[in-house]
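One chain, chain A, links the two complexes that follow: it is found with chain B in the first and with chain C in the second.
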Partner chain A sequence: MTGLRYVYAVCRPFGTPLQAQLTGVGGDPPRLLPHGDLVAVVSHVPEGDFGEEPLRARLEDLDWLTAVARAHQGVIDALTTVTTPLPLRLGTVFRDDSGVRTMLEARDEDFHRTLDRLEGRVEWGVKVFVEAEQPEQAPAAPAPKPASGRDYLRQRRQQTKSREDLWQQAEILATDLHRILSESAEDSRLHAPQNPALSGATGRNVLNAAYLVPRAKSEEFVERVDRTKDGIPGIRVELTGPWAAYSFAGEESAGKESA
Partner chain B sequence: MTVVERREIALVDLLDRLLAGGVVIKGDITLRIADVDLVRIDLNALISSVNAQVPSPFEESL
Partner chain C sequence: MTTPSRLPDPYGQGSSANLADILERVLDKGIVIAGDIRINLLDIELLTIKLRLVVASVDKAKEMGIDWWESDPALSSRARRDELTRENAELRERLARLEELELEPRRAQEEST
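What follows is the complex of A and B.
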């Protein structure tokens, strides 16, 4: 078989077959490549897209990147239903099967240690946003036109002040929330705040965190996030997950920030 | 404050994990994609191209 090998994840052997219709990156079905007591999950991908130079150029193409990212995630998701996969970073490519085997052998000890650490755990994402526009602090009557320059400045100062208050509240809330959630998680990571142009989300992202939580304690964790509902208007909390433990697959020590 | 649970996975959440998370392994070809710095550079280029096409609604207010 020609082509390069795109590797999604490393797992321990699992008995259940992958869904037959599952397609991976580039439409190729993911295959299992067992070596020793580990299994690499791989697809065959064309060199024209995944060779060093083309891949670098391709990464700048948002549509292409989206398709690869969704396909990668689709395979990881499918694996998550049958085992606890150790996800690899997007774009991990080898020339052939023997390259993958060599890698499995070289990292054998690391993989086992990390698989032990992640077994039965999932990742939850929690983001805090400050809404871009305060819901216009809806004055019952239309705001009076400033009668004078001094009135105008006073109005501006008030607007700025309430904006600053909101930022401060958001910061306090994000810090508290992160502390509380860290207590009920085994580990946490702070990702860089998301760029609104890329996320399409409204508001500014002030917390973008990931938490490693045992599957069995997930319900409790989600309830904790839900309990933050008591409200500060203008601040929004978003929960995503459960994810495979992408943010915890590295070897960094606990609590290290990735951003 | 509202807690929102999104059904569909947002690309940006996915990229946080796929480009900044996951095990980093130098492949054979060593695409250097595994290198976080390179990914950041590529992603920065990506984000600025997105910025150019879709102006941020906040640029004026911030």
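What follows is the complex of A and C.
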């Protein structure tokens, strides 16, 4: 037995070969494991890292997790350029090829239905940030002393008001943007705001959304986002993608999907 | 088989892709399949509650009792109102103190003349 099987994605067979230099999780190049009219994309990974006990421990290690997450995303990304992959959640591991085949067979109908739904579509991520206020003046003892209590109060009110205005503008912009983008997308998801400690992004994340967009309409979608980008000073709009349709691969939405 | 049509250049991806964007997708989105190795990602402590926060959807986070954004003025208008009320009270107090300070030297002056 040569290690375990880490599964990245399930897709329909595609003609284009994957980039030769592509490395997957644990440095193992992703391999195609066809079964019926589906293909699982897998890597061979060592039991020492991906067995149940070690994996549990490894996942607590942010550096290790980061490397695996990036490798996982790297493979999904490469697949996205040649086909429409169904990304599986990180850490989907089987004992051997036959375990993967059994899974493909058992979920065959689900996979086909989801592949039909997502075929030719990609995900775009849009986030709205309110920039952190300029080094916030501690209310105590600012250098130029306010001439009076009234003066001080006026200054503070001014500051508070402009900040409040900015939040309000951000809220309006985020709501409008989400409405406009939802119109030009087939589906959308609102995600929890991101934690700046992990994203490294400055400012407060007030909108974190994902949109499912047909490839053919992606250019138009991106232009729409771009048009809002330089709107209001202090508010930043960020676009990421195209991603595989991660946010839409799971349970079907309550939204536009019927049947 | 798919022949992708031309896509705009990728934004914010590659090696510089934001880790939060990636983790949020690979850990919390995508299809869940029970493999032979049974790991429930939600059972994993994942280093810090913060990381878990990022990967959890709002509803899941609420289930787990994580709802910092509801009390965060940046993210919730209710919290923002609370914050304003608090700030208002602070300002009144401060104003009172400043006016007292202003009066004191004047009083001292008056006494010395």
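Everything below uses one rule, namely that the second predicted complex is superposed on the first by the 238 of 259 C-alpha atoms of A that agree within 3 Å, B and C clash if a C-alpha of one lies under 4 Å from a C-alpha of the other, contacts with A are read in each partner's own complex, and residues count from 1 in each chain.
Everything that follows uses one rule, which is that a residue touches a chain if its C-beta (ideal position, glycine included) is under 8 Å from a C-beta of that chain, and two chains touch if they have at least 3 such contacts.
Every value quoted in this text rests on a predicted model; they were computed, and no experiment measured them.
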item: Which of chain B and chain C A:T81 touches, first, second, both or neither; value: second
item: Chain B versus chain C as contact partner of A:L22, first or second or both or neither; value: neither
item: Chain B versus chain C as contact partner of A:T160, first or second or both or neither; value: second
item: Partner chain(s) touched by A:I180 [first = chain B, second = chain C, both, neither]; value: neither
item: First (chain B), second (chain C), both or neither touched by A:V237; value: first
item: Contacts of A:S199 with chain B and chain C, given as first, second, both or neither; value: both
item: Partner chain(s) touched by A:T228 [first = chain B, second = chain C, both, neither]; value: first
item: A:F14 touches, of chain B and chain C: first, second, both or neither?; value: second
item: Which of chain B and chain C A:T114 touches, first, second, both or neither; value: both
item: Footprint overlap on chain A, comparing chain B with chain C; value: 4, 7, 10, 50-52, 55-56, 59-60, 62, 65-66, 69-70, 72-73, 86-95, 99, 103, 107, 114, 125, 191-192, 194-195, 197-201, 204, 238-240, 243, 246-247, 249-250
item: Footprint of chain A on chain C - complex, ascending; value: 1-2, 4-8, 10-13, 15, 17-33, 35-39, 41, 44-47, 50-51, 53-54, 56-58, 61, 69, 72, 74-75, 77, 80, 84, 87, 90-91, 94-96, 98-99, 102
item: Interface residues, chain B side, partner chain A - complex; value: 1-6, 9-25, 27-34, 38-39, 42-43, 45-47, 49-51, 54-58, 61-62
item: Parts of chain A lying in touch with chain C, wherever the complex brings them together; value: 4, 7, 10, 12-15, 50-52, 55-56, 59-62, 65-66, 69-70, 72-73, 76-77, 81-84, 86-95, 99, 103, 107, 114, 119-120, 122, 125, 130, 139, 146, 148-150, 152-153, 156, 160, 164, 167, 171, 190-195, 197-201, 204-206, 215-216, 218-219, 222, 238-243, 246-247, 249-250
item: Chain A residues touching chain B - in the complex, by the definition given at the top; value: 4, 7, 10, 50-52, 55-56, 59-60, 62, 65-66, 69-70, 72-73, 86-96, 99, 103, 107, 111, 114, 123, 125, 132-133, 173, 189, 191-192, 194-202, 204, 208, 210, 225-226, 228-233, 235-240, 243, 246-250, 258-259
